[in-house]
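Below: one structure in structure tokens.
Letters A, B, C, D, E and F mark the chains in the order given here, with residues in each chain numbered from 1 onward.
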Amino acid sequence: MTKSIRETAEKIRKLEVQGARNVAIAAINAIEASAKQTRATSKKAFLEELSKAKQELFASRETEPLMRNAVRWIISQVEANREKQPKKLTALVSSSVRQFLKELEVSKEMIAETGAKRIRNNSVVFTHCHSSTVTHLLKRAKQQGKKFEVICTETRPSCQGRTTAREMLEIGIDVTMIVDSAARYFMNEADLVIVGADAITSEGNVINKIGTSMIALVAHEARTPLYVVSELLKFDPATIYGDYEKIEERSPSEVWQDAPEGLVIRNPAFDVTRRDYIHGIICEEGIVSPHSAMEVVRRRYPWVFAQSTS
Amino acid sequence: MTKSIRETAEKIRKLEVQGARNVAIAAINAIEASAKQTRATSKKAFLEELSKAKQELFASRETEPLMRNAVRWIISQVEANREKQPKKLTALVSSSVRQFLKELEVSKEMIAETGAKRIRNNSVVFTHCHSSTVTHLLKRAKQQGKKFEVICTETRPSCQGRTTAREMLEIGIDVTMIVDSAARYFMNEADLVIVGADAITSEGNVINKIGTSMIALVAHEARTPLYVVSELLKFDPATIYGDYEKIEERSPSEVWQDAPEGLVIRNPAFDVTRRDYIHGIICEEGIVSPHSAMEVVRRRYPWVFAQSTS
Amino acid sequence: MTKSIRETAEKIRKLEVQGARNVAIAAINAIEASAKQTRATSKKAFLEELSKAKQELFASRETEPLMRNAVRWIISQVEANREKQPKKLTALVSSSVRQFLKELEVSKEMIAETGAKRIRNNSVVFTHCHSSTVTHLLKRAKQQGKKFEVICTETRPSCQGRTTAREMLEIGIDVTMIVDSAARYFMNEADLVIVGADAITSEGNVINKIGTSMIALVAHEARTPLYVVSELLKFDPATIYGDYEKIEERSPSEVWQDAPEGLVIRNPAFDVTRRDYIHGIICEEGIVSPHSAMEVVRRRYPWVFAQSTS
Amino acid sequence: MTKSIRETAEKIRKLEVQGARNVAIAAINAIEASAKQTRATSKKAFLEELSKAKQELFASRETEPLMRNAVRWIISQVEANREKQPKKLTALVSSSVRQFLKELEVSKEMIAETGAKRIRNNSVVFTHCHSSTVTHLLKRAKQQGKKFEVICTETRPSCQGRTTAREMLEIGIDVTMIVDSAARYFMNEADLVIVGADAITSEGNVINKIGTSMIALVAHEARTPLYVVSELLKFDPATIYGDYEKIEERSPSEVWQDAPEGLVIRNPAFDVTRRDYIHGIICEEGIVSPHSAMEVVRRRYPWVFAQSTS
Amino acid sequence: MTKSIRETAEKIRKLEVQGARNVAIAAINAIEASAKQTRATSKKAFLEELSKAKQELFASRETEPLMRNAVRWIISQVEANREKQPKKLTALVSSSVRQFLKELEVSKEMIAETGAKRIRNNSVVFTHCHSSTVTHLLKRAKQQGKKFEVICTETRPSCQGRTTAREMLEIGIDVTMIVDSAARYFMNEADLVIVGADAITSEGNVINKIGTSMIALVAHEARTPLYVVSELLKFDPATIYGDYEKIEERSPSEVWQDAPEGLVIRNPAFDVTRRDYIHGIICEEGIVSPHSAMEVVRRRYPWVFAQSTS
Amino acid sequence: MTKSIRETAEKIRKLEVQGARNVAIAAINAIEASAKQTRATSKKAFLEELSKAKQELFASRETEPLMRNAVRWIISQVEANREKQPKKLTALVSSSVRQFLKELEVSKEMIAETGAKRIRNNSVVFTHCHSSTVTHLLKRAKQQGKKFEVICTETRPSCQGRTTAREMLEIGIDVTMIVDSAARYFMNEADLVIVGADAITSEGNVINKIGTSMIALVAHEARTPLYVVSELLKFDPATIYGDYEKIEERSPSEVWQDAPEGLVIRNPAFDVTRRDYIHGIICEEGIVSPHSAMEVVRRRYPWVFAQSTS
């Protein structure tokens, strides 16, 4: 195990790296750095090193399907290649990492292009938490000269909504912040809800920041369309066999620093939004129905399933 | 205008007195104190003094129907009485104030008795914000030897859920706190939702702390019964002619102390819960349907309507 | 039977008099004219004349509860009075007719005042068909200086929406007309739906122009509040014992002038809007819940029920 | 305590007398028989005897509001009367019992008349369990010459649907029987659901044979109107303060005679149908909204509430 | 650009050719005619001619995915073929056009066969507007000897329902016409709704004549199954990246010939029916779920996506 | 036709073999036995024998897609093989049968593994009827040391719930039995519903024991997740072209042995559960969305469609 893997895993564990995208980038960069220091003298040994790196990185946080799929893909490239020499495999790792990063970039642009079309002049867009994919999309719409407003929640307990608000202000988009529980109060004023995703399940549900499912219900009640923006690689193949158990529970102190003794504080970081409340997933392929998300992923990224057990 | 009225109105305005019940008690106590210092020499003059006091108190906060109804009732007692002498009318004010306070107490007990029956052993009761009527009811159920748990939200922005949590801990009820947006995550674990009320409208809707309507929707989605506990005198006769415009908006700084310039923060204190999401209103009469709330109030407190225009 | 009764009944039958309000006014004016020509020499004979007039008027159209209640009330005034002389009873009829007309006027103003409060600046108000009560309300809001828009359906087959549109234009309210089936397309742009009523049933449902129930469903789907404006005297006591059978079916030629032979055209004039899709009934008492409409009517107009079997 | 009271209570307890109506009739007949054998020498003693009879009868079965209200009414007549002589009070009991029975009869006819109007030619009427009020209504519609069909469930575990089926066959109404769980399969073929009631609650819900709430949900899903036929005196004043706890659980052997050891069989006799799934309650007053049922009862039978605590 | 292309585009623009199917047929016939007059001397030039024809035809109307896909397919055949000689390519265009038309015919039959199975004896089938695919299906069911009725709306503003009605009468199917807004009034009498489609989106929604989405909502409320009949080639690949903006707005004069000045008339030709209200899409493959429509199209017609950007 | 085919078909017809799995196993075992006695001297003759066997088996019961798909697959293996000699084809039939049975076994294990993950400690699992796949899954969860309870319906008319109950007791799982119509009464206590399937349709609906659709609706109302466990090979390709007509109606005597003359008893064995009420189908691939079930089957078992017309 190289230092770069250990350190990166540690940073992920401690939330020093955050956001599905950033975590994935950090992980594969660490894989590349690690591969460059390989001491392997055979492909088998090289793959074993990669496997250990994978295990370390996977263990660093529970629900990070994008990172996991990224690592799986890099390794699958090595496995599939006929090359046997570790040196050349190192180069292959590097080029695969470059390719993956580039494709991530392309996906982001494609999502921004597609999603921006859903925003019209005078639209009011509701969002929750902070998602760099969402804010990138909103910036794109702004660059296209559209005039629209954003309503964002503060997103307790960590108030990532403040980051969203700041980014909107920086680029001159009118933004209104509300407490999370005011979502229903303001929903009738919104034309559209756009949220990010942490994971997509085999049933077509979306796992995202706690509160998303409630906002989705509120949007559904008001016939306000809700779109999830997400790379398809956030699909979590483990959900085919698993369930909701892996919702990370974070520290109670995020909710109440000096809570009285005896008080139980439950602090789940995510919740599950039903496919029925999602109009579409805006992804690198355009807009797809959540109900057939798994088939889309299977068609596009068959290797995700091939490796899903490891 | 006496000092007691001015000071009380000021305290209400500055939120030094909070909670529908406390505000009502402070207001009629001030009326009594004020009446004792009357300089009126005729009943007409006495009533004019009362009318001015009423105006001052009514102006102190927008939505306080219980306080308004309390003041209206005291004055209606004076008006209806044949007595002409200010002195004796002062005594009448005092006895009316006593009677009103006593009936408030009786209502609270009746609500606690009735509501406690809805809590069974091993129930999980979900609540939002802090309501002394709700916590009184929960204490009653605990005193009856029932073993149950409470889930309470923190209730942003002012975190009144902490008060609820502390009260539960003090009397030995197991309590779990969550962020507001986690309501849907935990709703399937709850057997029952109980919330308070700030006002009841002529349509049968209930105005309560921001977020209540969202929790009601979430409860409805999960077929979890939601009960509102409230004195019927929180019925607001102005709603017969008015609308939702009077939802108080509080200071943005409650939400974000040093928000960046340019950011609009909307901070409504209440929202409106639809009658369709309310199983029943637990009041001084027992449990009634919200859909006929206005008729119940008309039958029980006809004077509320007689004075509703003033 | 006097000529005035016969002629008025004929006009109602032929739809020369239209609109619940106009029909009621015509009927009681005819009663008054008829009473003035009485040949009765006893109260009994006088009442018999009134009873015949009532039967003739009631037979002129199927669903006209306002007219029926108006006639019932005039007769109940005669019955209840101790006066025995036909001459004086004639005067009583006249004064009762005046009083009823005046109260109709007061109701209309009260409805306009209350309903206008629900319209805010920049509101978009959706309406269907033509109702003089609705347009009076909209004019009131306009007079109050509010700036708002109206969307109205054309309302097939008779296109009463054109009358609504013209009235809006005359008073300078921005108005958009759409075909009936476009209601769902535009509903998300509306803040509020306001419609009139032809009858209110004992279950709390509202009978109004065909299409109203569909618009109500569409409003419900979009969480857009729908209000019915109506005098409570449109309550039909016959519904306590009856059902939907009395929905008038009008001539097929209204739908298609020269339809091909063999084609069945069904042309019901009204449909039934469920109480669950109605936020409130705006009436002479303010806003009430449709679920308790019958109790409101019983409290306010007990004589409606006393006479309901005749 | 007289023998007639003891025996009647015993028969009720052992289900030898069944059906809300039959139980009520048996109870007040027993009261009358018992009153005739009074040994009381004062009104006070007479009332004490009645009170003991009441307690014995009330204890015989948990949910029998009609019987309870009947007994309450008889006693309230005695209490309110100025007569002091036990003999004459005995006569008063007799005449009150006669009057109550007659009014029960009148209610039944009124319900049949009103409900029969809801049945049209070629209607398909769905019903559950056996209710003499429902079958009386169906017979009335048949006598009126209407041609319609009935679908009835078998109604496990006691198969009261067989009684319904037999009664239909006897009077020549086409009837189809299905298993309870096939209700959704056949609901789209039904035009109307009519069921009886065991109790009406203060919230406006209806307690009836287990399965009713499921059929109501299924009817709601298919937009098939559901009517409950019930005397208003099935309103249970205890529900104002109580809850669902009193749903009788009957013997497991009704479900499975020789169930294997260790198997828990739960056999609740009733369930609670939400007011939202009920179009109307067809009662002695005609059709009323369930949402205002309590107010209707209060207006019509105020004594029900006066005595509700005893 | 040949005259045949220009003329056909003009006819499409002026609505002289109507109906997705007819427009597609006209367009590819024009392509064929145009190809026959080619002056190209190279494949490249030939393809350029085709590309110009495509642009002209695409510009003639906004939402005609079937036509666009037809044109795309013809061109893709030319592109994929190894042939270089314009003459032979002309022949290839011809044979491709023949093949496409034949497959359209096969689809229509397959749809009729499959859809006819959903119609049973005594069924009441509800439809909206005029769709030759729908009426073909109904004729098939009739030919199979089934006895059923049709309810059709008049379909304002252009009253295409009259064409449907006439076609039904011609082949002896009982048909009832209603105004559009009476759909909810009659929905409980229908066993099934069948409508056509103008476009299918990547989310699985269906774009069809204005009013379809409202009828779908009404059918959903009544648990009446709604089927869309449509060739899968009405899938619009542009929706993957686009939105609802392209709903054609037609002339206000269709709605009101001499509307008063100042009146805004909005006349959208289509609306969007949510996938959740559609039981199935009956297409050339049989019945498929709308939620996976895009995957079905991808599997069957991968070339639709290859060319979607052009 | 061999004796083994005739006898097996007869057993299936008489319900001596029951359960989709058992029927499929019996059928392909009969095919194998029959193949071993072949008198064919050419592949063509051999295939004709198989075809006759198929017809006989298919005719034995209406809805048995698993059996049909099993037989189709065996035959497709023979057809696809280059071997011409009947003897060797007999061996191929045998090995194909072995392979199919093995894969059925693997599927069952995979379903049990995946489904068991959905059961947590203290879960309450609701089930209906008896499904060996469901009980296998429950046993697996129990073997994993999880502590949970099962609620099962009795499942009229044949009371297969008793079999479920007995199996649960045998392996020490706490089980409660209720009548079918009590499902809604107990649904709020359940964490999860798991049911089997007889067929999956092209729309993504599931056909299972009568009552399943009602339980699914009740689960949906209470936000209780419902999973269907089923091999994907229960997909019925005939549904692509067909409809619900094939729901088997069984003998009235199952419902009432000595029903009175004239009583119609309808006894459908299955009903159709809408895809919208199903959270996921737990199959040999893991958990998939019902909305894309057909695409999953097409991807995995393309031969099912190739042969679907025969």
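Assume a contact is a pair of C-beta atoms (placed from the backbone, for glycine too) under 8 Å apart; a residue touches a chain by one contact, two chains touch by 3 or more.
Values in this document were obtained by computation on a predicted structure and should not be read as measured data.
What is the touch distance from subunit A to subunit C, in steps?
The distance in steps between these two chains is 1.
Between subunit B and subunit E, which partner chains are common?
Touches both subunit B and subunit E: A, C, D, F.
Which chains does subunit A share as contact partners with subunit E?
Expected: C, F.
Examine where the copies subunit B and subunit F touch and state whether the two sides share over half of their residue numbers (same) or under half (different).
Same; most numbers are used by both subunit B and subunit F.
Comparing residue numbers, which of B-F, E-F or A-E shares more than half of the contact pairs of A-C?
Interface equivalent to A-C, from the options B-F, E-F or A-E: B-F.
Once subunit A is fitted to subunit D on CA atoms, what angle does the rotation have, in steps of 5 degrees?
Best-fit rotation on C-alpha atoms: 180 degrees.
Where the centres are mean C-alpha positions, what is the separation of subunit C from subunit F, in Å?
58
Can you work out the whole-Å distance between the CA centroids of subunit B and subunit C?
38
Listing for subunit F: what residues touch at least two other chains?
Within subunit F, residues 221, 276, 289, 291-292, 295 contact more than one other chain.
According to the definition already given, which pairs of chains are in contact?
Applying the touch criterion to every chain pair yields A-B, A-C, A-E, A-F, B-C, B-D, B-F, C-D, C-E, D-E, D-F, E-F.
Spell out the part of subunit A that touches subunit E in their complex, as residue ranges.
Touching subunit E from subunit A are residues 113-114, 117-118, 120, 276, 279-280, 285-289, 291-292, 295-296, 299.
Can you tell me which positions in subunit C touch subunit E when the two form their complex?
Touch list, subunit C to subunit E: 153-157, 162, 165-166, 169, 174-186, 210-211, 213-215, 217-218, 221, 255-256, 259-268, 271.
Once bound in the complex, which stretches of subunit F touch subunit E?
Answer in residue numbers: 202-204, 239-243, 245, 275-276, 289, 291-295, 298.
State the interface residues of subunit C toward subunit A in the complex, per the touch definition above.
So the residues of subunit C in touch with subunit A come to 187-188, 191, 221-224.
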